[in-house]
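A short worksheet on the structure shown next.
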């Protein structure tokens, strides 16, 4: 990643892997997982990445801090299918004063199927940009428990 | 319908038909529309049924009145497929002091594919049951414009 | 259940409970889980009910036998919210020559939120009604492993 | 766009605009359209872009030619809400021997809310890469009817 993080991240601790099983309604008439569903897999994995660091995202949201998605992208290399168990590796790859970026690799049995990226702004209930508070920064730089 | 309505309804004016085109993501790996999507078709059709009577459901919601779904059912006779144009006939079939019921028939080119029913309670923002206000009753007994 | 099963079922073994965590995209602008999502929770729970009896539903489907949903209903008593852990109790409540019925109770911490029912026909890849084969009947009457 | 198209495109005819109304189930607990839904809006708009050029995408699919999504991205500038009418401007921005790229701007009343991009490979039913046939190329370079 060429873009400098305002806050340095430790590559050894900034990743977690979350398992997701493909549901039947996530497939489409091509017999594979619909491309739009992968953004949901990324979101599930982000929420679990936080939980593994001691935080319920729902609590941040209830406290008026949201990590609004401002950019998202996916590269689809191989298809997933109904009932597949997918491992979503989530890495916090950039951490700045009021925004952050996660990158993702989705694998099935070790084979990379999809790569993804989401960029988030920290906003309050009114959607106004806010600095990440110290307590949030602590969580975000914490290794998985 | 044997159940008596508290407020009498005119069968000649209590129905409207709304066209919906099947989206690709609404199909599943059986090549047909996923059964769970039909509840969405019913919801779209309810919103348009109201619009045809001069009301944006979003305005009721913004004003603190919601028609919360308390019961829903579907009978699936034939499958719909990607790109099908479906006609959802919505009928207000029961209107009571604080609740109402819609029934639905989804057709493709005249052939009935699905029958549905939803029952709704009128609730405020806190989820508390509220009587349907006179202005709402007026809308609900109005013929399509 | 008054309707007689063609095949008798043992109430002691015909139920399983499956845990599902609510995803953020399953909520709607009322701040609660969208009513249409519950059919998905029922489907996930059915698939796990079968897995607990040694069968991947995907294998039945690949072998040309599908449990097509022919009827579904839900009664919504209380709302679920983002990140809630829900316990879906699935009971095979009727088993006939070519069809079956599941009933469901969704609970959060013991409190019943939703009740559901789905009725299924056994069909082949062409959608033609087929008798449940002996091996399928065995699985369906088997207790959870 | 710096990347050269193998087949030159006429900017005057390579765009179409498609209107989509936001459904209630497309919102989330933040009260806005869930970021994952925008990929669906792009898909709907692509299908209509083709229809405006005389082609049902379902016919291509039935004939064994699919425009599989191999990459997708979105930039979210402003939120959309329930019942909003969105105008999705779709532009075929790159056309190559076996792949193509669409770019998108989603607007509400003229204000740009979201920008998107999807890249597609032409594949057959087995997922094997195939050249775009002459008849497909004709359609893709055709102005809106």
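Points to keep in mind about this one:
To keep things simple, chains are lettered A, B, C and D as they appear, and every chain counts its residues starting from 1.
What we mean here is this: a residue touches a chain if its C-beta (ideal position, glycine included) is under 8 Å from a C-beta of that chain, and two chains touch if they have at least 3 such contacts.
The structure presented is a predicted model; accordingly, all values stated were derived computationally and were not measured.
The pair A-C is the one among A-D, B-C or A-C whose contacts match those of B-D for more than half of the residue pairs. Seen as a C-alpha superposition, chain A sits on chain D after a turn of 180°, to the nearest 5.
Among the remaining chains, the Cα-based centre furthest from that of chain A is the centre of B.
Remark: chain B and chain C have CA centroids separated by 25 Å (rounded to whole angstrom).
Each chain gets one centre point, the mean of its Cα atoms, and the points for chain A and chain B are 36 Å apart. Within chain B, residues 24-25, 29, 36, 40, 43, 61, 81-82 each touch two or more of the remaining chains. By the touch criterion stated above, chain B contacts chain A in their complex at residues 24-25, 27-29, 31-32, 34, 36, 81-82. Taken in their complex, chain B has these residues touching chain C: 29-30, 35-37, 39-40, 43, 61, 66, 68-76, 79, 127. Across the complex, chain A meets chain C through its residues 23-25, 40, 43-44, 47, 56-58, 61, 81-83.
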